[in-house]
């Protein structure tokens, strides 16, 4: 059996402090009070209040920042011939070893999706790789489902361990910590938390109860083919997406969306030199498919949304065997017009069936 | 609105008829004038030309009394007093100046001074032209009058707040409301020469003569005034003025309050008409005759 | 090249070629000595000075910005400075809400012959900037979080509008449907506490139409997409103002839109409703009464009184019924016409400049640049061609820093000058709850102060004030450089 | 790019307080800069040659000159780089003289500032694009608005040069103010005798089309290709048939019509010809005073007219003309002098304007050239002239000098003595402004030969003395005493202001005007008859106060401009115009609403509405660029990116 530890609620700061010694940053969920309250992962500092809620924004930033500098470049002139320019590059990945504390199973599963293109493809992305390899994920299992999430439709669940190094389950005022990966094992062995094997059965019970709270999941096995079959059915997609505003909230809040854009800033001269930036991009934006010729195959929101749904539920699973959606439901709960991707998938199943 | 009444020195001397008629008319219109206790000289002629601070100190004391009396508005019949009080109040808004003035006073003046205005404006503010018309007992219809404001009442415009400084019209409005026919008198704000009354009598006579002559040419029955000095000059010095203008005058010069009083049916005695050098009898006779006609 | 240490501050000038630049030349010819801080950018006309250039400079490190052009009426291009005057004055009144001291920005009219005046303007402006010292930067501010006080009194009774004539309206829509491309409205969304847009094409669709406090979205946002197709739209009072503003700007045509209206009694602040509901798996029931809604979630009852849970904009709403409609059913509550400061703005009004800067630092940090704010805005018609991610023009970089994020908000706010109806969709759409509406509200307040209490979206025939000018502006006075 | 930098010493003008060599050295570190030098005089012939040589030797495709103001030498250096084969817009200037060396003494600060200005120029230049002018055809026809002496002169000169002219006049006759004058200074020759023949020439010239009693309704287009709409107001007389015999006027029973030609000093008939020399000499009915038109009964003129020219139901007619350029010559009107209440502002019949007095002097005037008081018809003996009534007087918002009043007052005083040998004239003046040829001699003659009494000082009041005369009270500032003069008639030299409707016309023409309605010239000294709208010129008083010789000179000057313009068959535009990126444009039309020149219009591209720039109309202000929220309209040479490059160069450091 894997290592199991128990963390009393008043021991949280000490444990986070322990994690900070092992990592350059520990990302924890904190509340940002505003008229609409949001929960955001932020680097932990002593005294910072932590909430164990599902975050508004998943901790994808830990490995794929909203914007990162891929490289800096400096141009220098040959004083004998000012037109002769030498360019020097610095492309050392900036990677802080990071622990994510208290993300949800759907978030953790997201890293698996991101790993596919950035880590497991033909050309591993050195920036991502450096961050991912120094990442430890502490996931807290959900005690129930919620109105917008549907992890169990897509192969996950409230206590799915995929992508996690340590799985935590709340039992009354304490957390049970269960090592999942070797890295998790090592960390838990190293810490001075008391052993928690005897409360494991209680944790198991809580996890089962969470499963039981979920409504039965529809069978999505036919989804990839059926959605693919609808590709040319403009009426279907139009009727499903007429409310879409084409903003990027759904994709930027998705733990499994990984598209990006690259831009250069600066001329390379002077103290600032130049920088090559990689920033999030999203398939809801017109510029996403704007071609150099000026042509844009996806001028309208309908094909863009069709792309998002197809990618998550059809093309990706057809190519890679799993959905690239973890059912976290953030795209639903944060959509300004409450568009529901579940409904689109179900309608597709219905329609083609 | 609570008023403080500042009569000024003339009211107690040379222009008791102005004082009398002002009191009578205001009383008649229900405008209560409460004479300020222990008022002093406004600092006009001698002081203001020599020492603005001393002159302002005299005014500050008066303004202070009015303020302590709880008045929101200070009324004075005399344009010289009005001018001096207004100038002083204006200068006293500057803290440095006020500090210097306060140093001259036994007790520093109170915080906020009441606004200062003329009796004429006070009457107009108290009851508008229509109200006045309602009070008429003896319509002045048929009387041709030249309204003469003198030099101080409307100048400087920014300070005196008396409408067009070259062409004020308040007195005309009040007297027209009483039924009089008001001439468009071009010299209404010209100088009567009062300031030169002692040293340069010839100048005074020429300037006053010019005014009286035009009024006579325009067939005015009387000249209406609002200033004790103007009245004295045009009335008392009429023979000299006539000589300077190479003419003969018998032009009654009345305070506008006296004329309003006549319209309100107040007795000549109550209005102090007996004090005029050029008798107003011609006027009263004409009024009788006109009254008979209508 | 850094600014000369301790000697100079960074002052940027935008000068029109014909007057102010000539005035600066005249000053030079007269050897009229001036401080050396100012760097002049020559533009053809003060009308060419986009207020965003000023903001860009201030955000990127300028300590002061001076715009100068021809005296009003002397414009080389007849009217360029008249437009500039309005836009720059709005900008000046906008800066403080960001936490930027408006004294760091000034505009002045100087003719080509007024060398002395130019010398005076430059000298006194430079002196002023030196007296203020180097400008504080958002990067350096310590994040501050603060929540607007929502304990408000509405200008009219708020309610759930359950007596509204929805069924009659459905019949009217069904009758009109054959001549329309579709009719936009609302329907229940993924559960009873969330609504989603409805595009009615068939009578069956019309039966799904809902009316009530969950209808938060502004359907006007879709209208420009249907340009040229006759489309119906069901509106709340606030939505109708967006429709009117779209008409004012010729973005839609009156003959292409049929407006259906019911009196609105307020809508719920879904963010606060969600917060109170907490995590739940399903809604069991939603019960309406006159004053509010009771939601039973996972067996637990939650009471939402409209007076306590309405959207911020609803409290100060003076247009519960559409200002323009083809079909109006029912009578709205009487509005007590008192002007009120919206809660988000009131919160900022109470802060010092430095606190506002810290506030925006604290808020904008978590911006994802998802542009939900922009896309939910019915007046944002550029959409796919927004300057936010364009390289030509290249106003912004993709950096995730506070300056870029805040700059986008100022672009949006300034582009909405005199156009924003205050529908609040930008703020409602923000997934991370940044109170960006306050920026638009400040602009709207400035526009109202400057242009006879002008409010956008009330009169389809009115010219939006920043697209026009008066040769003599009643409320814009040149600052005294004497 | 390969950019060359030239840091000019301007002798010691710049080098005195700027280390030019150091600036050149710093410049070499800027992006794309491959060459930097610091010549002593860049604008001199060797300096320009050095630029050309550097362009060839260092294969430069962009040049920055840091020297004086671009308002001074930008055109010079643009030609220089163009000679070397570069597009003239691949050139930028940094103003390190007027904006640096001449205004600061701190050498370090100046050197640093100069280097930064160069850095900004480089940053902008790197975003510059070559711009090419477009050429277009010219419609060689000119519209002249206003048929006063300036407009007449311009019309005749243009017509003599072979250009078809359309002359537009608001009144029923041309001649303007000059036609109302009796005599002209300083020669005292008869106004009608010198203007009359010119008016006849206008009527007879084959190249001139005259629209009298007409106004400019609307204008669109641009230099070379304007379309104008002209409203021909209803005259109720068919001018084709009218012979100008005057029979109608003799019989017209409505004899109390105010005579505007006589400046309301007399009355005329409802149907009338303003004066004997009128051009066109055609009758016009005053609709407000005609009995037939107001009451529906009379019809005398129609009955009497031998050619049957009277048409009571005539309507306004709008005609359209195409022209290549426009001359505005709309003249002036008198300011509202009734604001001078102290002078009796309009209430005393014998206090009159100088233009009214001019009509009293004129043989064709209401008194047949005999000076008589309007009040009682008696000959005046004492005449007081008051100058600067509404000129040089800030208190009535007229701070400017009306220019010609000193002279005509002297003339009127002289003529008065000629008419009434036993009269005495007095002139109250502030200063005598007589700078023209023979002008000062003339005013001296008025004093010395005609005994006119000049009193330097202002008048404080004019009032009737009650005995039929007026008292003029004033001050003689030379003697330092007040004066009073009895006058039988008082003549006010009323100041001028732009003709009524000038502002509205300016807005139609899209030209600027000042606070008083006078049109703005392009440059006070160097472009006095041009405006900032290409193809619109100014002649006469509409641009500012001037007398007849100056108006005539300007009329000829505009004609020279027109003839020079029309000497070319095609024109080139300034390529610094706005450009629309039609892919970015969403067709919101905000730019169209704001453009002060109407240079943007809607167009349809593949079914979508887009903005389109009429390049020949665009003047390059860039208001559209500022207005366009998506940056789809960009003003060439001042694009967002070009300005942003400068901002970034400054702020990101």
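Just a few scattered comments:
Going by the order they are written in, the chains are A, B, C and D; count residues from 1 in each one.
We take it that a residue touches a chain if its C-beta (ideal position, glycine included) is under 8 Å from a C-beta of that chain, and two chains touch if they have at least 3 such contacts.
In this text the structure is predicted, and so the values were computed from the model without any measurement.
Interface comparison, B-D versus A-C: the pair with the greater number of contacting C-beta pairs is A-C. Taking each chain's centre as the average of its CA atoms, chain B and chain D sit 53 Å apart. Centroid to centroid, with C-alpha atoms defining each point, chain A and chain C lie 32 Å apart. We define each chain's centre as the mean of its Cα atoms; on that basis chain A and chain D are separated by 69 Å.
The distance from the centre of chain A to the centre of chain B, with each centre set as the mean of the Cα atoms, comes to 90 Å.
Looking at chain A, residues 270 sit in touch with two or more other chains.
Taken residue by residue, chain D touches two or more other chains at 583, 652-653, whereas all remaining positions touch fewer. Along chain C, residues 1, 383, 385 each make contact with two or more other chains.
Per the contact rule defined earlier, chains pair up in contact as A-C, A-D, B-D, C-D. Every residue of chain D that touches chain A in the complex is listed here, in rising order: 2, 28-31, 33-35, 58, 126, 583, 652-653.
The residues of chain A lying in touch with chain C in their complex are 32-38, 40, 53-54, 56-57, 65-67, 144-148, 213-215, 239, 242-243, 245-249, 251-253, 261, 263, 265, 270, 277, 279-280, 282, 285-287, 299, 330, 332-334, 336-340, 342-343. The part of chain C that touches chain D in the complex is made up of residues 1-4, 7-8, 10, 12, 17, 21-22, 24-25, 27-29, 31-36, 39-45, 47-50, 53, 56-57, 60-62, 73-80, 83, 87, 119, 249-251, 381-383, 385-387, 390, 392-395, 415, 463, 467-468. Every residue of chain A that touches chain D in the complex is listed here, in rising order: 75, 77, 79, 81-83, 267-272, 294. By the touch criterion given at the top, residues 26, 69-72, 95, 97-100, 102-106, 108-110, 112-113, 115-117, 119-120, 506-507, 510-515, 520, 532-533, 576, 581, 583-586, 588-590, 593-594, 596-597, 619-623, 625-627, 629-632, 634-635, 638-641, 643-644, 646-648, 650-653 of chain D touch chain C in their complex.
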